[in-house]
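One chain, chain A, appears in both complexes that follow, with chain B as partner in the first and chain C in the second.
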Partner chain A sequence: MRENTLGFLLILPSLFFIIFVAIYPLSYNIFLSFCEYNPMRSSEVKFIGLQNYIWALGESVVTYSLYITIVFTIGSVFLESVIGLLIAFALSKIDIDNKFGIVRSILASIFILPWAIPTVSAAVSWRLIYHPVFGILNALLGKQIMWLSDSSFALLSIIVADAWKTMPFFLFIFLAGIESIPTEHFEAAKIDGASDWHDFRYIILPQILPLIFVALSMRAIDAFTKIFDMVYMLTGGGPGVSTKVFPILIYDYSLHFFKFGNAACLAIISISISLAYGIFLLRRGLKK
Partner chain B sequence: MSEPKKVDRRNFLYIGLGAVTLIAIGAAAYIAMNPPVVTQTSVVTSTVSTTVPTTSVITTTRPGAPVVRVLHVAGPEAEHIRACQTDFEKATGLTLSLEIAPRDVVDERMYRELVEGLGAYDVVMGWAGMMYATLMATEGYIPIDNFMSSKELEPFYAKNNYTWNGHVVGIPQYHNWNMLFYRKDLLESPKEREAFKAKYGRELSVPKTFKELYEVAEFFHRPPDMYGYLITGVEWSWFCDDVYFMHGMSTNVGDKQGNLTLNTPEMIKAWKYMLDMTKFSPPGWESMTFFDGDNLFLQGKLFMYNNWFYIWNDLRSKMPDKAAMAPPPGDVKPGADLSGWIAVIPKNAPSPENGAKFIKWLGSYDYQKRHVLEVGNMPSRSDVFDDPDVKAKVAGLDMFKAVLPHAEVVWCTWVPELRSGKYEAFFKVVKGEMTVEQSLKWLQETKFAGRRAIEAKR
Partner chain C sequence: MKYKQSLFLYLLFLLFATIIDLFPIIVMVSSSLKLEEEIYSIPPTLFPRIFTLDHYWNLFSYFRFGEYTLNSMIIALFTTLISTIFGIMAAYGFSRFNFKGASHLLFFIMIIRVFTPVALLFPLYTLMRTFGLLDTTISIILGVSSFQLPFTIWFMKTFFDEFPRSIEEAAMLDGLSRLSCLWKVVIPLSKPGIAVSAVFAFLAGWGDFIFSLSFSQTTRSMPLTIGIANMLTGYKIYWGELMAGGTYMMLIPLVIVIFFQKYIVKGLIAGAIKA
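Coming up: the complex of A and B.
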């Protein structure tokens, strides 16, 4: 009994922290999503039922923003995971115990750099790379493509920049997963004449599949709800609304327009979608 | 004999936890009741009374002196107040605590003061002319005419733009507006003039109307060496261009009755002109701001553009034989947008009287004159225009004075949302999804259906 009391007292500070920092704001946000609260016009918080949600479904910028955020999430997560997996596989082939082991360590240190660089710094660098006149990309291609100004290319440019930034997340998770596979499997496969592709297709992939689903679901939620800084620095959501991802739209409605009811509604929609998406992936992964 | 009582170490743990919690609560309460006084030693560079800039280290802490807390937005105007800090403190006996916020976050800070009533500042000044109506509608301030008589307010020539419900809201630190900057060396070249006349059947001259602006931009559009004009595409900068064309058609987003007037023949014309001018803008204009315009003009890659006249002194010094300034063009009148950071006292200001002293100093003849001479903006009071030093040293003063009566503000109390909507609608036209007429109709009748330009606080 005394130990239970002590345990409870010791977790009390963390509990207060979670209540005040997470649970209370979330609950208030849910409440606010059913209200009209525009403090620039009135300090009254007026309950309006589902009107904000009806507005969101009918507002073209909201539906378009949802669409491009989903496109961004799928594109970026797919690109990061594929590239991360391929590089992890390649790195796993370098034997850490022989003379090339140092090469693997150096490569691993290089590959983690994008993850370590602050997103704002990375975005500024990518702006220079994408510059239509002075950018290295156009210089290499010998063309003048408006990577960030042309609405046909802007979202793709952001996907590439974000995939570069976050690829190490998948790389090191997959590398750890591959290295946890018993070496006897590979030795047995080698005896049977299996190639690298066979190793990848029949040994590695099935064994790290649950890991892939967990990583995909985590990253999908992250990409959908937290993509802000890269987009803000590269395009600000423009040109027009062609890269106005959902977090930026929520930011506009809350801290530019001060329409907190609308912003809360958009935030709840975002949380619901990413939660549903993440749970779906996790359940599929666990079943498999 | 009873056994000695065992010492229960858990009791010490409970006592310790309780003590730490009490100390933490006590410290937090003490800090909340006694906010620290900022001790500031600032390096001040003064260029007023000496021909050579001098730098001095001045300790500005005055133990016991009342403090005036001012929020300003990053830029040369805020730096100028910092440079004048010792003068202010000598004149008023107050200590100035100046907080300079980046432009991206100043909206939130202003909101917290004027709407939430945070009560952290005695004076806030982070919103420009486009936001005057938005600011006034918050009604979260103490009008300055509570502290200044009508005689003291008389010299402020543009006060109609910052008067709400019969009260003058605050005092602008300065005023500025946009002017047209162009390459006079090319405009005055006999070879160019001859070619222009042959093509357009009239003399080449500084454009006064939008049709003339189009023709001159088209004539000097010679990519990739030179572009005829610049329409900027980043939202906040794009809105400046939008407003120039709007004012040039003598229209506004709202009428005097407060109705929203987005879908008018004048607004349609303004957008058509603006859309036409994008043809002469450099590639990538969609992600440019007027700061990019400054760089392009200085590099000799831009023939002309519209911008705030902060750039005039720079252009004059770096391109004395090439750069010139003219009134902004407009079909009805010069399309000039009035601006200038305005200082207001929030309702919950810790010391409104100190805030009023600061604002009175800001609006004083001496400070206004100093601002004109050192920063290059125009004064917010009319008598400074007649100062002999100002007349002698400000290049283009007559031109500024000629444009001033035409400068106006955006008449809407929810400018950030309006700006975002207009930007969205304009780019629907740029992408070919809608025509100008369809886009403005959609804006007025669908996106902002039922809204008024002036939505006062309930």
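Coming up: the complex of A and C.
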């Protein structure tokens, strides 16, 4: 009994943090989402029932924002996982020969870089690369594309920059997955005359498929909820609303427009989506 | 023979991937060393014709990067301290004690990872205002640490779960209490795990954007991230200084990667296999 009290005491400081940063704000937001609170007009917090939710469902900016956030999530997760898998496969092939062990560890250091540097640093560099006049991308392509201020390219540009930044996540997870496959599998396949493609298709892919599924679903929720810095630094949500992903929209409504009731409602919608998704994932995980 | 050929192809592909991977970083570093005119040259040059460190000097004389750096350092260090210390305590509590509702509590803490931090910003903002913490590094440290804690708790818990209990039991038979056992036996033997959580917390604090953007208003609390972001909103963008700022901010993570690459990879992999 005394032992358990000690256990609880050890957890207490963290619990305090969680209550302070999640439970209190969450409850306050749930309350605010049923109110109108617009301090630019009046300091009064007025209860208006479900009106914010009705507004959110009918407002085209909100539904559009949800739509492009999903497009962004699918696009960037797809791009970075495919590239990450290819590089992981190539890296695992090098390791077989011990002579190249050092090359591999240098490469690993290089490939982790984009993930480790601050998003702000990465974004600054992509700003210059995408610059329509003196950016290096247009110079290489011989085109005059306004990558960040043309609404048909802006979201794509953000997806590419984000995929560059996050690709190492998949690369190293997949590499670890491939390396955990017992080498006997490959040796047996080699005797049967299997090519590298066969190795990939019939040994590696089936073995790491559960890992791919877990990594994809984890990363998807991260992409959906945490995309902010890159968009803020590259386009700020524009041009128009073409890159106004959901976190940026929430930020706009709260600390830009000071429409805290609307912002709270959007926050609750966002949290409900991620909660539903998270619980769904946990349930699936438990079944296995 | 055939094996050599395909090895060559893989190396070629990896070389190509490496170039693309490093490309944005090279562009940033090299532009930061160019003269202003050369940055605007068409077509752009890959490497500077004339090297200059002017942009770096300007960061400190004109853009107040000295103060930003200090703030970023404070935020990163205290985030690391808070989330690591409290995280270790909680992780040990969850790992070794089986009190009522422990598993619910753990689930409850982990679920925060799926929240979007922006969604909780405004209530936090009012809370900080009530306590007079707006525009202090404390507010930013509290925000970042709270979102870092779940990762640390979960990561250290898996670490402690694998830690053989027999060592602790032996130490306790020798007369050590639970707490001194944690302090004198478990923690020294868990250094690799602690290193992973500390590196991740440091990088999170160093690169924090959302909390700094919302809570900091002046150079009193402004970190490098917001200092750099603000360079984009002026009526003229100073590209040379911007690139120098991006490069400068990247240096510490770069050093961390060189020394802790193995730990970072370990943390990345562990972070994914949660579900």
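Keep this in mind: the second predicted complex is superposed on the first by the 271 of 288 C-alpha atoms of A that agree within 3 Å, B and C clash if a C-alpha of one lies under 4 Å from a C-alpha of the other, contacts with A are read in each partner's own complex, and residues count from 1 in each chain.
Operating definition for what follows: contacts are C-beta pairs under 8 Å (C-beta built on N, C-alpha and C of every residue); 3 or more make two chains touch, one makes a residue touch a chain.
Just so it is clear, the structure is predicted and the values come from calculations on it, not from any experiment.
**Q** For A:P239, is the partner it touches chain B (first), chain C (second), both, or none of the two (neither)?
**A** first
**Q** Is A:L6 touching the first partner chain B, the second partner chain C, both, or neither of them?
**A** Both chain B and chain C are touched by A:L6.
**Q** Just checking: does A:D192 make contact with chain B only, chain C only, both, or neither of them? Give me first, second, both or neither.
**A** neither
**Q** Is it chain B or chain C that touches the larger share of residues in chain A?
**A** Greater contact footprint in residues on chain A: C.
**Q** Answer with first, second, both or neither: which of chain B and chain C does A:T119 touch in the superposed model?
**A** In the superposition, A:T119 touches chain C alone.
**Q** So in the superposed three-chain picture, is A:E184 touching just chain B, just chain C, both, or none of them (first/second/both/neither)?
**A** neither
**Q** According to the stated criteria, A:P39 is in contact with first (chain B), second (chain C), both, or neither; which is it?
**A** First partner only.
**Q** Is A:S151 touching the first partner chain B, the second partner chain C, both, or neither of them?
**A** first
**Q** Using the superposition on chain A described above, determine whether A:L255 touches chain B (first), chain C (second), both, or neither.
**A** both
**Q** Common interface residues of chain A with chain B and chain C?
**A** Overlap of chain B and chain C footprints on chain A: residues 6, 9, 133, 255.
**Q** Quick check: in the complex, which residue numbers of chain C touch chain A?
**A** Residue list for chain C touching chain A: 6-7, 10-11, 13-14, 17-18, 21-25, 27-28, 31, 39-44, 46, 86-87, 89-90, 92-94, 96-100, 102, 105, 108-109, 111-112, 114-127, 142-143, 145-147, 149-150, 153, 178-179, 203, 206-207, 209-210, 213-214, 224-225, 228-229, 232, 239, 242-243, 245-247, 249-250, 253-254, 256-258, 261, 264-265, 268-269, 271-275.
**Q** Applying the document's contact rule, which stretches of chain A touch chain B when the two form their complex?
**A** The touching residues are 2, 6, 9, 39-44, 59-61, 132-133, 144, 146, 148-151, 235-242, 252, 255-259.
**Q** Spell out the part of chain B that touches chain A in their complex, as residue ranges.
**A** 10, 13-14, 17, 107-108, 111, 115-116, 134, 137-138, 233-235, 283-287, 413-414, 416-417, 420, 423-424, 426-428, 430-431, 447, 455-458
**Q** Help me check something: in the complex, which residues belonging to chain A touch chain C?
**A** Result: residues 3-11, 13-15, 17-18, 20-22, 24-26, 28-29, 32, 83, 86-87, 90-91, 93-94, 97, 100, 103, 105, 107-122, 124-129, 133-136, 139, 164, 167-169, 172-173, 176, 196, 211, 214-215, 217-219, 221, 224-226, 228-229, 232-233, 246-248, 250-251, 254-255, 260, 263-264, 266-268, 270-271, 274-275, 277-278, 281-282, 284-285 of chain A touch chain C.
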